[in-house]
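Quick one: the structure is below, and I'll ask about it shortly.
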Amino acid sequence: MSDLIEIEDLSVTFRAHGRTVRAVQSVSLRVPAQASFGLVGESGSGKSTILRAICGLAPVSGGAIRIGGQPLRSPRDKAFAARVQMVFQDPYASLHPRHTIDHTLSEPLAIHGIGETDARVVRALTDVGLPTSFRFRYPHQLSGGQRQRVAIARALMLEPEILLLDEPTSALDASVQAEVLNLLNRLRTERGLTFLMVSHDLAVIDHMCDRVLVMQNGRAVEELARDDLAQARMKTAYAQSLFAASADRMLDPAGKETR
Amino acid sequence: MTALTLWLTDPNPSSRRQARLGQAWLAWLRLRRNPLAMLGLFIIAALCLLAAAAPVFAPQDPFAQNLAERLLPPGTPGHWLGTDDFGRDIWSRIVHGARITLSIVALVAVTAPVIGLLIGTVAGYFGGWVDTVLMRITDIFLAFPRLILALALVAVLGPGVQNAVLAIALTAWPPYARVARAETLTVRNSDYIAAVRLQGAGAGRIIWGHVVPMCLPSVIIRVTLDMAGVILIAAGLGFLGLGVQPPLPEWGLMISSGRKFLFEQWWVATMPGLAIFTVSLGFNLLGDGLRDVLDPRSASR
Amino acid sequence: MSLLQIENLRVTFATETGPVEAVRGVSFSLGRERLGIVGESGSGKTITGRSVLRLIRPPGRIEADRMTFDGIDLLKVSEKQMRALRGPRLAMVMQDPKYSLNPVMRIGAQLTEGLLRRDRISRAEARQRAIAALEAVQIRDPERVMEAWPHELSGGMGQRVMIAMMLIPEPDLLIADEPTSALDVTVQAEVLSILDDLVKSRGMGLIFISHDLRLVARFCDRVLVMYRGRIVEELAAHDLMAAKHPYTQGLLNCLPRIGGPRAPLPGLDRTGDWAHV
């Protein structure tokens, strides 16, 4: 069986004010269906740009992206929207400030001409663990974690196969991060979703993903299976330094030490 | 708290309408804390009331001439603001003139911002050559002094209220286009626009449903602040004899006719001038207050 | 003697829907040490930090039984005296350097501005001190950074410049509000070691505000854990892993760990009595 997401030699180059920035340089990766793949790296490593390139939000200057064996059409069409959706990093910026939650969630249904709006919106809210009484609230009446749940609900309205997650919890508090990560994992098992997740936090990636690609300065450094990451079996110096800087993420909290 | 305010402040509204009204109620509470804005609102409300019930507030027919009573000073019994050179009661004329002023203001307010908003958001959203073409057209309009351009248009179209409105609207939209474009440029690359694009929405839906609501507050603020200018241009056109035609009691026209007696009978020109001043001030105060309430940058927290 | 003493600090904001208490009776004292304040967003940790510098704008109001800095009653001094304290004696580093540096002034001009205006020293001397401060925060070519505009700096550089700027007047107390959370892990470590050095070598007091418990535990001497405007637990940093309070324990437990189990992460249980104080 061929992989669901195939990226081959992808390059993304931004041109602005006569300068060219090569944000991604010939990166290849493959994600099988229903897997969870992580991209880690520091800021400027190009990890988020890959997600944006898949969505047609960044200029691809070379290479190919295939979903389910099919090359993507430019601009991305409605069929793409029904297969691939994205959750953004900042829940304070990714919801329209003047639209109610109801408006935000029913918009994709309206675009795709899907009926039973009421029932679907209510079900979407329950699925992400929000009370239905929140339906007509505005984003500023919700906390960061609640907003991110709404953003996840929006991404799932069209029942996509692939969810692109761009640092979905880095703007959230630790306890809320745990709740959102649990929610994402639950939804993935329930719906058989495929995740492509970007994070700077190795612990989050390790918790969520089966395979990890370490990136630096727009290039792929090293691809690791989850076990290799946990056992610190990385071959490149950069991946090792990243691991060392995250060493406190391995600390066992008090309750677990006596186990 | 009454049942209504409870309904409005319900943290869990049960319909879009309730949610929207609840937000409007909060905005109103914020506006109410600003005494100057409330003064502006009061002036404009009073103007609307005067215009709506002009025959009630005006003791005399604004067109009734009485040469025996011409140029009476303010404070004369029966003519507390005095009379003009045809013996018409100035207060009655100002009250009836409020109708003309208000209709000009209203017509300009519903046309110019819409044109500007549309051009600005389309230019800002698409960028590239669409932006260049639309904004250069805007620049051409901006390059002319507004009154001169309005004058030229009226000169071509012929004088009259409708043509004055048309001329003012056609000269008033470029600033709105600029404001809307600037706002669109900041909104265009935001995550929530990317999210709706990812859902397969077309440009029309994005501009109308997502970009315009973000530009609306700054445009509304701009409109209220501009209304003073619109009144002044309408008065200017009237003053030059190119807007409203005599004997209609338009304020600018009244000032123009009082010009001849400015030194001896100062009130003939001063009273409509004070009316223009008060209403302009009202709009400016309200606009300033609205800025605090509607500005997305201050209301977001 | 302690540098800063705060007793029963309360900060209230008047809003359309009535007053909101952001800080509800916080007391602590600080010597020449590294004190961490941790808590989630909305716990009042940032407001606590800002109220020490009296940087709370109306409709916010600061009340306290006692708030003294080096014998000065911070509640009584005039705004003018307060301005004289901010900078030379009390300094604050904000979370995001992008919003704290003036975008239309070169770095050098911003660094020397205070020196030239307040201390009235010569331009050459001010420049020297600014360069020395940049060197102190491990900036490799300070000459070039002096001539740079804020937008030309990376996040880590910007944050280091901010720290340098705050340190030029050699304050007695530095309040750092999430100084490293916008930075990459490798840069974070550098910035922390710079701060650490400065506390040790200059005997400065440091209040380190962060949401990251493990970071604070590693870096500070003492930790205050805040929840909904109150201090729920105070402990020595090396005892953090033995925290008693269910909130602190919950915060520690809900973090994913490298090589940890795939089971759902334990959420923070907010149903206990402690959560409704």
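Read from first to last, the chains carry the letters A, B and C; within each, the first residue is number 1.
Please note the rule applied: a contact is a pair of C-beta atoms (placed from the backbone, for glycine too) under 8 Å apart; a residue touches a chain by one contact, two chains touch by 3 or more.
Here the structure is a predicted model, which is why all the values come from computation and not from measurement.
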Far-end chain from chain A, centres as C-alpha averages: B
Leader among chain pairs (count of C-beta contacts): A-C
Intercentroid distance (Cα basis), chain C paired with chain B, Å: 48
Distance from the mean Cα position of chain C to that of chain A, given in whole angstrom: 31
Multi-partner residues of chain B (each touching 2 or more other chains): none
Touching residues (chain side chain A, partner chain B) in the complex: 55, 57, 76-78, 80-82, 84-86, 88-90, 93-100, 102-103, 107-108, 111-112, 133-134, 136-138, 140-141, 151, 154, 157-158
Contact set on chain C toward chain A in their complex: 40-42, 154-155, 184-189, 211-215, 218, 241-243, 249-260, 262, 264-268
Touching residues on chain B, where the partner in the complex is chain A: 11-16, 18-19, 23, 190-192, 194-201, 205, 209-210, 213-214, 296, 300-301
Parts of chain A lying in touch with chain C, wherever the complex brings them together: 42-44, 143-144, 173-179, 181-182, 185-186, 200, 202-204, 206-208, 229-231, 241-243, 245-246, 248-257
